[in-house]
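Everything on this sheet refers to the single structure shown next.
Order as written gives the chain letters A, B, C and D; numbering starts at 1 within each chain.
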Amino acid sequence: MDEKDTNRLEAFSDGVFAVAITLLVLDIKFSPFKANGLPKDDALMWGEILRQGPTLFAFITSFFTIGIMWLNHHRIFKHIKRYDTTLLFLNILLLMIIVFIPVPTSLLAQYIIYPDYHTAAILYAITFLAMATCFNLIWRYASYNGRLLGKNVDMHVINRISRQYAFGPLLYLIGIAIALFNTPLSVVFSFLLAIFFAFSEISLRRNNLQTPIESDTVSK
Amino acid sequence: MDEKDTNRLEAFSDGVFAVAITLLVLDIKFSPFKANGLPKDDALMWGEILRQGPTLFAFITSFFTIGIMWLNHHRIFKHIKRYDTTLLFLNILLLMIIVFIPVPTSLLAQYIIYPDYHTAAILYAITFLAMATCFNLIWRYASYNGRLLGKNVDMHVINRISRQYAFGPLLYLIGIAIALFNTPLSVVFSFLLAIFFAFSEISLRRNNLQTPIESDTVSK
Amino acid sequence: MDEKDTNRLEAFSDGVFAVAITLLVLDIKFSPFKANGLPKDDALMWGEILRQGPTLFAFITSFFTIGIMWLNHHRIFKHIKRYDTTLLFLNILLLMIIVFIPVPTSLLAQYIIYPDYHTAAILYAITFLAMATCFNLIWRYASYNGRLLGKNVDMHVINRISRQYAFGPLLYLIGIAIALFNTPLSVVFSFLLAIFFAFSEISLRRNNLQTPIESDTVSK
Amino acid sequence: MDEKDTNRLEAFSDGVFAVAITLLVLDIKFSPFKANGLPKDDALMWGEILRQGPTLFAFITSFFTIGIMWLNHHRIFKHIKRYDTTLLFLNILLLMIIVFIPVPTSLLAQYIIYPDYHTAAILYAITFLAMATCFNLIWRYASYNGRLLGKNVDMHVINRISRQYAFGPLLYLIGIAIALFNTPLSVVFSFLLAIFFAFSEISLRRNNLQTPIESDTVSK
């Protein structure tokens, strides 16, 4: 068993993920009273809640996006057992992009109904390209010749992750291209990407559970 | 002993709980000076503090609510020893609802004195129904055929948790019904629910401590 | 060795402490430009920094106060090895008071130069009385008949902590009395209390290191 | 193996680092709509994004600065295995300076284009001098006669860290001197310092990995 070395790296990352994931809830602000200080009746208040639609949408999107990124981080750091300064730097770079995600998400949520304005969608897509690239760098750096992985690692799983990560940046590059001419379509594309990664992760995990090495570590 | 697999899931959740539980303290803002820049005398200042009543009430309510939710999370993840992607997703969904709790709590605190306005109470009750449902989903998914539980788990305890969770969503559904016609009453009902769950947890725990398996893990 | 049971309780508490301790830095806000949008020259900017004096003072005070409270929490939970629901509730109550500390601290920092206005000092002193009481409740509850302590605990250390905690609330009660008639004096008194507790902790720790049981756990 | 004693100290520090590192993202606020409520077209929006330049620059700088500080903290606490109250106090003092870093960073980012205004650069340089001094105090206190280090520590590594830390404060003192007469130059100097420390850490780490004691702890 060669488990321990990245514990504090993961704890720090978890803290940053935890703060980043909650940021957009600060934007959901109902103004509970009318200008004259009287309370709003139910019809007015539901209108107020509906007006928070884009903010709520941004909060939910950003929460699930960062949540999925945490899953990915969790997933690759299950295999990374050691670290060096380069990995720490790449991880800080990744965390910076994660913390930045609420910014373009919030902007995009305001512009999702305007198909002719592309800046928000482009900024969003660039952020995700940067993030996918950074995940790739971390994984390639750590898994190159098994540099920072555990000793009795399941190469089957490692290779599958490498293959899946290989075309991530390419897909997000397509996302930028779509964002250049149609904002709502690029949002749909982003969702499809997220669902795809989530499901491939599920199937990966399912196979994963059947490999003897993994089930061993679980039962120990 | 099959302890380790959910450690990072719990650490990340703890971080999100920790941020969520502190959010409403940001709303408590005294304006320490009069419009002319002079300090407020003691009578004025106590008035200022009293005017923060709803905000303080929201902070305290939200703190204890999220605190109790942390207890519940802690309680069920004491038995959940493994995870898969579905559980991670359900957990992220739950955390999103937890982080959202301060929003309806803050709104409700402003409207608690207006029995004729129901929107705040309904939004609050819906949030809690969603949360109770989500806890149920996590527990049912993890405990189904002991899927993600430890190997030598105490089925007595598992079944008791399952039974207690079964009627949680139903009770919160009643909460929504009450919120539809009387805001203060629905707040009282929410409190009674929280106290009930807290006490049943206490009695559960007390019995728990007497089961030999549990006390074994404690003394190891 | 009976170590593990309170790990997640401590991790969650650490998260809440970490958020609470950073809250007041959000209040330090320089306005870097003049009303006409031009940059401020060095004289103006030093004036701007000096004007942040009370905010900076509040940040530093609150940071060290919550830091010392973390020390205390750390100190008593080194001996508490198990938990029950009552302890979890008391801990949540304590954390709520900790998170609230920045509020009266910030208010007091604005009023420290006005000896005739007592509200801020009283609110501050009440908060600290509540906190000291809460620490006492946790410690008495956990240490009563060694209820939640480890099995081979050093009773010498336990009794010394109990004795030290016994007169904490009394001292803070005196603090409230002082706050009723003189704000700056009550601030000085608070500082003396903090220094006293810090130093008695140091001397305790020093003796602590000499007890064989403690040094055993260190070397294992 | 004498590992465990500082775990909670590190977990709490990680939480504070995680909150501090995300603070400046709160300052990045696009105003997505024109004064008349209409959306901004792409040209206007890119202008809006460019206008966030100093804020983005502050966010990135502060993120990497605090990230590097976390690396340093991680690095020295890998060797510190025990603690006493003095170390805890020094650590709280260090964390306070870390949490403060976003404040001068944000101010400096606004003033980086004005070489004739020095206050921001001086405040920034003083903060970093304080931080370097604090890291030095922690390291000297802990490593003095191996006071709080592990038992079979590699003195080669310890001495190298001590040597590297020795001239840190001196360098930052030079930074203050530069800030007194040229703001942009002092920013360049700060960057060179950060890069220097990062690289010396890399070379240290590389040698580190070859020492048998270190690789032993990794493979265990």
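Quick notes on this structure:
Following the convention adopted for this analysis, contacts are C-beta pairs under 8 Å (C-beta built on N, C-alpha and C of every residue); 3 or more make two chains touch, one makes a residue touch a chain.
Since this is a predicted model, take the numbers as computed values, not measurements.
Comparing the contact residues of subunit A and subunit B by number shows a mostly separate set, under half of all numbers used being common to the two copies.
More contacting C-beta pairs link the chains of C-D than the other of the two pairs A-C and C-D.
Separating the centre of subunit C from that of subunit D, both taken as means of CA atoms, is a distance of 25 Å.
The distance from the centre of subunit A to the centre of subunit C, with each centre set as the mean of the Cα atoms, comes to 36 Å.
For subunit C, the set of residues that touch two or more other chains comprises 11, 14-15, 18-19, 26. Those residues of subunit C that touch subunit B in the complex are listed here as 2, 5, 8-9, 11-12, 14-16, 18-20, 23, 26, 82, 84-86, 88-89, 92, 95-96, 99-100, 102-103, 106-107, 110-111, 114, 117-120, 123, 151.
The residues of subunit B lying in touch with subunit D in their complex are 15, 18.
The part of subunit D that touches subunit A in the complex is made up of residues 10-11, 14-15, 17-19, 21-22, 25-26, 28, 30, 32-33, 39-42, 45-46, 49, 59-60, 63-64, 67, 70-71, 74, 198, 201-202, 205-206, 209, 218-220.
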